[in-house]
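The data blocks that follow each hold one structure.
In the two complexes that follow, chain A is the common piece, with chain B as its partner first and chain C second.
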Partner chain A sequence: MAVYVQKKPTSIFEKVNDETWRRKFLRNVLIPWIFIAPLLIIHILVVAVPAVQGIYMSLTDWTGIGMNVNFIGLDNYHRLFFEDETFAKALGNNIAWMAFFLTVPFILALFCATQLAQVKRGGMIYRSILFIPYVLASVVTTTIWKNLLNPRQGIGAALDNLLGLEDVFGVAFLGRRESALMSIAFIDNWHFWGFLMILFLAAMQSIPPVLYDAAKIDGANRWDEFRHVTLPGIRPVMLFMYMMVAIWSFLAFDYIFLLTQGGPAGASEVIATQLYKNAFFRFQAGYGAAQGVVISIFAGFIILIFVTLRRRGWDI
Partner chain B sequence: MKGIKLLFAIAVLVMAFAPVGAQDVTTVTMWFSEGSTLDCWGPLMLEFNDIDPSLQLEIVPQADTWNVTRTAVAGGGGPDIVRTPGPSYAYELAEAGLIAPMDAFADEMGWGDFFFDWALDLGLVNGQLYSLADELETLLLYYNTDVFEANGWTPPDTMEELNALGEEVAAAGYVVFSHGNASWRGTNEWFVGEYMTQLAGPHNVYKALTGQLSWTDESMVQAVEQLDAHMQAGWYGGGIDLYFTNEGTTRRAMLADGTAAMNIEGSWAIRGLEEYHGESGQGWDWVPVPSHDGTDYFTIGMGNTSSINANSPHPEAAAKFLNWYFSPATQGKMLTSCRKGPAPVAISEDVMGDLDPRVARVYAELSDASANDRYGYTTWTFWSPSGFNYIIEEVERVWVGEISVMEYLEGLDTLMTAELEAGNLPPIPSR
Partner chain C sequence: MTAIGKVSLRDTVLQRGRSKERSRLLVFNHTVLLLLTAFAVIPLLVLAFNSVKTNLEIGQNPLGPPVNVVAENFPNAWERGNFAVTMGNSVIYVVATIAAELVLGGLAAYALARKRPPGSDLLMLYFLVASTIPLWMYIVPLFVQINALKRLGVDARILLIIVYVAGNAPLTIFLLRSYMIDLPTELEDAARVDGANEFQVLTRIVLPLTKPGFLTVGLVVGLGVWNEFLLALTFIHDPNQFPVTTSFYKFVDRFDRDWSLTSAGAIIIIFPVMVLFLALQRQFIEGLAEGGIKT
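Then we have the complex of A and B:
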């Protein structure tokens, strides 16, 4: 009995002549690429090309105006790490900023989301109220808080007037080196933590209620439920947000620039505000580009940590 | 029916010829920051369109004119008239070949006849004229006349007198200088440049700018130390931390309502003073900023510059507009109507006669100082962008005690020496 065995095409010519292979290639390879091509082209044009240009500019003395560009190798990076004292200070402020945002808003959001998850009636009103600051533009938020924290006309001064005190609560929080950065972080957090809370709340609501019932049967109290059911249930969202907040901490710019422009005396300076000043105030765009590359490297490093953890089995 | 046909025929004819007419019109474009300044300047500048129907000016309001302009100009676009925040910015554009030399227009239209000599020199790059300076500014010591009269004080002439008066003002419970940099950190540089000019002297500043004197010279050290002493005494804004949080509006209000006695600020402040003091009903006047020996020195500053875009399709038309705009007649009209700091051109005495005497006196004194070697230098006009940004940022470290005055000036000296060697300083008119 003759057995017909279909021979698999091996050479490229055989493949092209094979109808099944052609259909598979079309369906699995070509059509997806055709669909994704417009997005890819746009991405290459507006992200990849400027990114490569940015890396190149970081190796030049470009002023940011015209195309008089001289290649200076790694001079900008040498200056950044070995000569510019203010860069180390700005980096330290970024790390302090990150430490603040990886703790305060997470604690606030977790606490409030846990409480709100149990509210059956009127919960939407609370959520909306707490979420409103997130949809306000940074210019609006900073203007509100600049007025509230004004040592002469703000709430501190009003309290002093009410209690007959002098300069006790009317403190220039944004004008003191010791308090400027954390005051800005407080204002930024006022706008941000509601967003985090909504994310946690959504994650909590996706946890099957039977897990809580089972925990109750096992005699768990509220704290046990939180520790052994809620936290593991929202862990992927939490860890993802940890990664995002860590990356965003190196991009912090708008609130700082609008409130203090990095002052007083560089007390609230971060890498992004320095970059902006170098590129647009001092005509040192090449040096600013080097700072931008360094920010990207930090962000890449954070992503690398999370990718490594994921590969090791973490549920991220 | 016949009437309708006739009307239709006329409409067709009008439409057919209209584009021909439109093609004959040359439009010169200018970008300008939107806001109250444009509200006042705009209609006056558009009067240019009444002179010649074939040459029209179009003003395009922008939210952030300088940043938008330099991006567009670098990309080969942008307006025909390129405005920058000062000569040092125009210098960078000229070096990059983004603005066109205007020497031929200057000769043809006789700009040298009405511009002050030193003013045209400010726009020179490699010997060619690239920009025309606008908005002549100087710093003045404003004071609340009601507060002064009530306390029997007289405005000071020398720094010694200012120091004595400041003690009295502070002891009487007033803020000495209504100030703050929360709205504009560049406020810092006003004082550094001013104290250097008034205490070290404009000739020493000139020498330092041209590399003949170190910025760490004793005279410079004393000037910055004096400024620091005033800051440490809480004279500016009522305390250093308050200085860092006081907004521009607070600054105006403090002087107008008598919370503060004085204010060192540029001539641009006059419009705001008229408004705030008009509301409070308290008087204001000004004197030159006190110097070490009582000589009336006036620092010269330029608020912005105008140039012609190197890619402008009709540079001649742009030059015609500049010729009209910078003419003493137009500048005089803008000064009287909008309190615009005039370009450094010879404005007729008739125009000055119509002004508030306090305003007229500013420009008369400035002109006199300029003619008699009593002019000094504002940092934003005569330092490079890196130089004046260093002054703005680092002086705060002196005020909060992070670095000493000498360390501050050593840093400035290193930076300015490098900038001078690299040819990054804007032109300094010789004296």
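Then we have the complex of A and C:
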């Protein structure tokens, strides 16, 4: 039997030191980590662990139910890039989506923000109203626009009526292969661009007015001011949003799923809607997981581009 | 005297010239802004119009203002869309997520901003990297886990709330931490000198002073959860646990042709958001802008 010997502090100083060390450890290490732990653990369990599982799952042929899991290496990826033509189509749609969102909302938001920055009276009212679409739920926005784009009762039909035309604007924009994807992008943009505009406006308002005065003294016209004062001033926000929008373009789901489910005949299918169907309707969980990994790789690649540019001295 | 008078005269002349040009520019500004405002508002106006028309009237007049205002659409939609239940569910999702997020996020952010225990840099790096992982990377395995837990009898609503809390964790930590770092430490030190313990320092000093940060996170997270569609669609299958979004999705599917009913339902969903937005415009706009930039 071991004899428990308590080493008595030889001097009062040692005791005090011992105490303060423990208290310090408690106060500076243990308690802070106890504060951090709950959120960290939740995040690891919900995001990190399933993300790693997702990588493993993408290397199997698992259907999503049952115990029959076979490791098939990179077969899912091979199938994605070399066999599945619908995936190529979906990827192309994602890129078209990105091309739309990197231009249309940015031009609209930039233009509107420059106008709004010059208005003093009523600026707040415009700002609030233009922001409203952004706070609406996707289910609501899509319902509104589904009705508005109805070929017989929507805006198109009204426009045809007004101009005495027939079936020029009053067509099923969402139901036709050539217009479905861009119509969805238009609707999503109706919801989104106000947000971008607010970001640009905030950045413009934080540009020191002295710079504009200096430009005026140098004889700059409004275009010069815009090019040499406004644009450089909002550049960090713009480039950051370029990155975010490029990433979001590969994640797009809600609006497409709600408006067309990827149809007609896959015309508006993107990777995310395909993934959703593969994983949850078609019993191809492994294949769906591989698509998730591919989306993440694309997103990571975009981040990498921006990080590299930043390293090269761009100020982003 | 005369010199000053001359200068000021020249100034006013200059100003008059400038103000003429200015007003012409302002006309252009307002024209553009009014057009864009119309683009934002008209779809919502049509929705509001249709929510108080009968279907018969929508057939003849699908876009214009209503001739006869009927209010029955709202109780009808409320009843048939099971809104009494689903609105309650959404309120639960929103309130529980915000509460958990603010308590857990506040604790973590405080520890990271003030105590910086060993390993906090690594932790921030973890959250930074993890915040870039798209949902699509982990939704399939997460679905499997959640189904397994549901089979064990865990309430799906609790699981969804946990998923929401986790998804918003990086944003919450970044925002709250930056708010707390900006706070001068002298106040906290003074409280400690007066004998306050760590918990008291947090609740009496730090929390009241970082209220705007908590309000921002609360609004961003709350709006996100109220409008959230994909996760609710994936993880909640019992209609009595649906939030308004997925329940409205099924509702629109079922009453596809009944525009007056679906329009009224849409108004019901956006009503609480609009009221809150109009009451807290500045916080909403600045909060969402901040949340968008910092994540």
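Keep in mind that, in the parts below, the second predicted complex is superposed on the first by the 269 of 316 C-alpha atoms of A that agree within 3 Å, B and C clash if a C-alpha of one lies under 4 Å from a C-alpha of the other, contacts with A are read in each partner's own complex, and residues count from 1 in each chain.
We take it that a contact is a pair of C-beta atoms (placed from the backbone, for glycine too) under 8 Å apart; a residue touches a chain by one contact, two chains touch by 3 or more.
None of these values were measured; they are calculated from a predicted model.
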Chain A as common anchor, with chain B and chain C clashing or fitting: clash
Partner chain in contact with A:Ala214 - chain B first, chain C second, else both or neither: neither
Touching partner for A:Ile107 - first (chain B), second (chain C), both, neither: neither
Partner chain(s) touched by A:Phe280 [first = chain B, second = chain C, both, neither]: both
First (chain B), second (chain C), both or neither touched by A:Leu40: second
Chain B versus chain C as contact partner of A:Ala88, first or second or both or neither: neither
Residue contacts on chain A - larger count, chain B or chain C: C
Which of chain B and chain C A:Leu165 touches, first, second, both or neither: neither
Clashing chain B stretch [against chain C; choices 5-13, 41-49, 59-67 or 257-265]: 59-67
Overlap of the chain B and chain C footprints on chain A, listed as residue numbers: 64, 150, 280
Chain A-touching residues of chain C, taken from the complex the two chains share: 25-26, 28-30, 32-33, 36-37, 39-41, 43-44, 46-47, 50, 58-59, 62-63, 104-105, 107-108, 110-112, 115-120, 123, 126-127, 130, 132-145, 162-163, 165-167, 169-170, 172-173, 198, 223, 226-227, 229-230, 234, 244-246, 248-249, 252, 259, 262-263, 266, 269-270, 273-274, 277-278, 281, 284-286, 288-289, 292-293
Of all residues in chain A, those that touch chain B in their complex: 63-68, 146, 149-152, 171-172, 174-177, 260-266, 277, 280-284
Sites on chain B touched by chain A in the complex: 67, 70, 74, 92-93, 95-98, 181-182, 185, 239-247, 250, 385-386, 389, 393, 396-397, 399-400, 402
Chain C-touching residues of chain A, taken from the complex the two chains share: 27-29, 31-33, 35-36, 38-40, 42-43, 45-51, 53-54, 57, 64, 108, 111-112, 115-116, 118-119, 122, 124, 126-140, 143-145, 147-148, 150, 153-155, 157-158, 190, 194-195, 198-199, 202, 237, 240, 244, 247, 250-251, 253-254, 257-258, 271-272, 275, 279-280, 285, 288-289, 291-293, 295-296, 299-300, 303
